[in-house]
Amino acid sequence: MSAPSDVATPTTPATGAARRRSRLARGALAAAAIAYVALLLLLPLIGIVTKAFEPGVSIIGDTLSRPEVRHAFLLTGIITVITVAVTTFFGLVVAWVLVRQRFLGRALMNAVVDLPFALSPVTVGLAAVLLFGTGGWFTDFVAARGIQVLFALPSMVLVTIFICIPFTIREVVPVLEEFGLDEEDASRTLGASIWQTFRRVTLPNIRWALLYGVALSTARAIGEIGAVLIVSGTISGKTETATIYIFSALEERLEAQAHVVALVLAAVSIVLLVGIEWLHRRNELERSRT
Amino acid sequence: MSDAAQTVSGRSTARWAPHRTAAALRHLGLRGAAIVYLGAMVAVPVAAIVSSGFGDGLTSFRTALAIPYAWTAIRLTLITAAAATVINAVMGTLLAWVLVRYRFPGRRVLSSMVDLPMAIPTLVTGLMILTLYGPNAPIGKFLDRFGIQVAFTWVGILLALCVVTLPLVVRQVQPVLLELDPAEEEAAATLGAGAWLSFRKVVLPAVRPAIVGGALLTFARCIGEFGSVVLVSGNIAGKTLTAPVFIYQLANQFRPAEAAAIATLMFTISFVLVLVTARVTRRVEV
Amino acid sequence: MSLRTNPIRWATLALVPILALSACGSGTADGATTCDGLPDQPTISFAAYSTPREAYGKIISAFKSSWKDEHDGQEVIFQESYDGSTLQASRVVSGYEADVVALSLGPDVDQIADAGLITHDWTTEADGGMVTTSVVVFDVRPGNPLGITDWNDLTKPGVEVLTPDPASSGGARWNLVSAWGSALRGYGGATKDDEAGATTLMQGVLGNVLAYDSSARKSIQNFEDGNGDVAITYENEVLTAQAAGKEDEAVYPPSSVLIENPVTVVDTNVDKHCVREVAEAFVEYLHGDEAKQIFADAGYRSTDLATAQKGGGDFPAIEDLWDVDEFGGWDALTGKLFGDTGIVTQAQTG
């Protein structure tokens, strides 16, 4: 079976008049689709670019030179890196266990993986408050060790990890299911160790799915607002991520700065999107090969 | 985007019978790591929410719902989510159809744009909408002349939800449309069926599970949406305050038990939906 | 088994530094119980209520330069956060290690003191611990189309009122105390000392509230977004908005409570972070002339009651200015208005 093309040929009607009607109908449908996307996405994107540059190009330099803005981007970066590292690593472990092992409770584990998608991010932040706030389950435990969780980096990382858990797992599991068992068996029979098999046989198989999951997690971690807003305390220069900075700047009536930071995030997302699209296509291509 | 949550198929079985203790330990070690990871990172927080919300029976739940605008917030959330779901079910299917069946310049760009809401922060989406449809913005001012206000009304909420969930139905339906054998539609055309009839009787039944799956995902996503809605809606209790923003306010005010009660209600709804989606979209795969 | 062939060890070993990194990244000093003088670059964690961010932005810059000059170029870092006063107090109690708190009203500072984090009597500091004062005003649309002059105008049918939520915002409590007190003093269309009449007035106003935002700043911004007919807020908020080019217009009810905003050092945290010297210097600076000038320019009145009432410049004279002690202080007022059976609580949940 050849790789699927991403356009299927439409059926052509018989008579000339019918063809004209069909062309009109097709044109109208395409126009409606394009108009919908334009209204919802394209125009607002243009709007934000315009609004950001309203005070002049110098606003970019002004905003990006502010220490609190720089710290916000840095913080977003740190949280994202830690989150993606943890969720990718352990995501692989979980995916492996789900696909290659059979045990009682496997279906439950599978369901638990989906839980983060069912929760609103604010609920995740709330959970952190319940666990580490006044009278929380772990409050005394961390206080005794002098670790600050809430209103500091650890809680922000923890909530972002929670939210990003499903991405890697959901992308890798189908690929692991479809491929590789025979190859892995062969490799083991030939004397390779578990680790060698994983590195040389499994990893190349799931490579694109894994990267796709990483890209999705990255985008999600960068964009997180609801949960981090609750746990961070919005301390400028300490616990403000880029998204939280936008939120705070609007409150400070620094609309121009808020728009610049939003624009930067939008630009980063678009770059990520290109990567996501490309990886998605590679992933689909790999999955459709026999 | 790949398919929704998958139940692990029965096809891949662990065929290595661990005949050595070391191998068995490795297996268990990995399983233990997975259990600890998911247990600590997912199960514990969710348990905290449920136990806080319903730890003392229904008291917190009743107190939370007794707050005058709590029910209104929940109702508003469910209604706007349902509306956005219907809109995106229709437009999503349309978009998938156009992207799959038609060739036109800019098709690739359109396809990528559809995925944009997955990559862009929801807060930025909200800001984008305000920038264009806000009270002092171009389109906003234009619509104001006709008495239509977008920002700080349910219209804005609906718009935000539609933008944010745009890709969900499209990405469920697209692969199904690609797999569809054009022979059936050609047969229908030969028999004299018009395009619409052919679509209704041949295509729709085939994509319906995908649409339903996408719709359920959309709904679940909508009832938890925060970033875009908090900027666009104005959060006016009783009018434009949604459940997620309400939970945020309660959590922020250190009223965790009440927040947890509402949160548990909302996430039970979405969790059930996500599980059902898994069933439904599995049937799509052949 | 070597690392190469055992990924489980890998996993465990990889996890440790990641967790350790997270825990260490909290930015606070290691739990040293004795301080050896200040750190090289002292960091002050500053928690304030939502409205004075512009004023403190300037004051903090001025303080930093002044400290730098006096201390051999030593840089002090400030990490500021602004939000509803009660929210900030709750956060400090919950673990937000603020070194200096600048809140909207005394009870919020007391909340932190009751949790054992403030161990000195802050009310014995200069100016009774207060750094700024203000009055309650009505923020109206340009030209005051509804002709609002006093509290009873807010009870009229169809008038949409904005005020923050007393559970999270200090400004909200000032607003409502002012309404209550003004009525009892015979203003706002009420009769002097008539509690029943005052209660009716409060219920009338609260019945017209369109939205309770979580902080004073959020409330006024909600108003600026076009929602509501009138926002009850601090005088300094309207002046700040006007300075930012917004169309806010203040109407001064004849009677107002004297809003007094406290600032103090949080003992447990300054000692933990070893920054007491800087923190106390900062609080002292706030009572100094430079800071007073910046506050005045930012729309805050003087801590001296007579001066505050007289006004001058941008500040109109207030006909009847009184403080919370007229009604038994915050303890009595909180019980009467905001307790479980309080008038406001009843009206909000009714």
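Lettered A, B and C in written order, each chain numbered from 1.
To be clear about the criterion, contacts are C-beta pairs under 8 Å (C-beta built on N, C-alpha and C of every residue); 3 or more make two chains touch, one makes a residue touch a chain.
All figures in this text were calculated on a predicted structure; none of them were measured in a lab.
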### Query
Would you say A-B or A-C is joined by more C-beta pairs in contact?
A-B
### Query
Greatest Cα-centroid separation from chain B: which chain?
C
### Task
Calculate how many whole Å lie between the centre of chain B and the centre of chain C, each centre taken as the average of the chain's C-alpha atoms.
38
### Summary
Rounded to the nearest Å, the gap between Cα centres of chain A and chain C is 37
### Message
Just the number, please: Cα centre separation of chain A and chain B in whole Å.
### Response
14
### Multi-partner residues of chain B (at least 2 other chains)
26, 30, 33, 252, 254
### Message
Using the touch definition from the top, which residues of chain C touch two or more other chains?
### Response
6-7, 11, 94
### Query
What positions in chain A touch 2 or more of the other chains?
90, 93, 129, 133-134, 158, 194, 250
#### Entry: Residue ranges of chain C touching chain A (in the complex, touch as defined)
4-7, 11, 14, 18, 21-23, 25-28, 30-31, 45, 50, 53-54, 77-83, 91, 93-97, 217-218, 221, 241, 244, 246
### List of chain B residues in touch with chain A within their complex
1-3, 5-9, 11-16, 23, 26-27, 30-31, 33-35, 37-38, 41-46, 48-49, 52, 91, 94-95, 97-104, 107, 110-125, 127-129, 131-133, 137-139, 159, 162-163, 166, 177-180, 182, 185-186, 189, 195, 198, 220, 223-227, 230-231, 243-245, 247-248, 251-252, 254, 256, 259-260, 263, 266-267, 270-271, 273-275, 278
## Note on the structure
chain A contacts chain B in the complex at 4-11, 13-14, 22, 25-26, 29-30, 32-34, 36-37, 40-45, 47-48, 50-51, 90, 93-94, 96-103, 106-107, 109-131, 133-134, 137, 158, 161-162, 165-166, 170-171, 173-174, 176-177, 181, 185, 188, 194, 209, 212, 216, 219, 222-226, 229-230, 243, 246-247, 250, 258-259, 262, 265-266, 269-270, 272-274, 276-277, 280, 283
#### Entry: For the chain B and chain C complex, residues of the former touching the latter
22, 26, 29-30, 33, 66-68, 135, 151-152, 234-237, 239, 241, 249, 252-255
### Summary
Seen from chain A, its contact residues with chain C in the complex are 78, 82, 85-86, 89-90, 93, 129, 132-134, 139, 143, 146-154, 157-158, 193-196, 198, 233-238, 248, 250-253
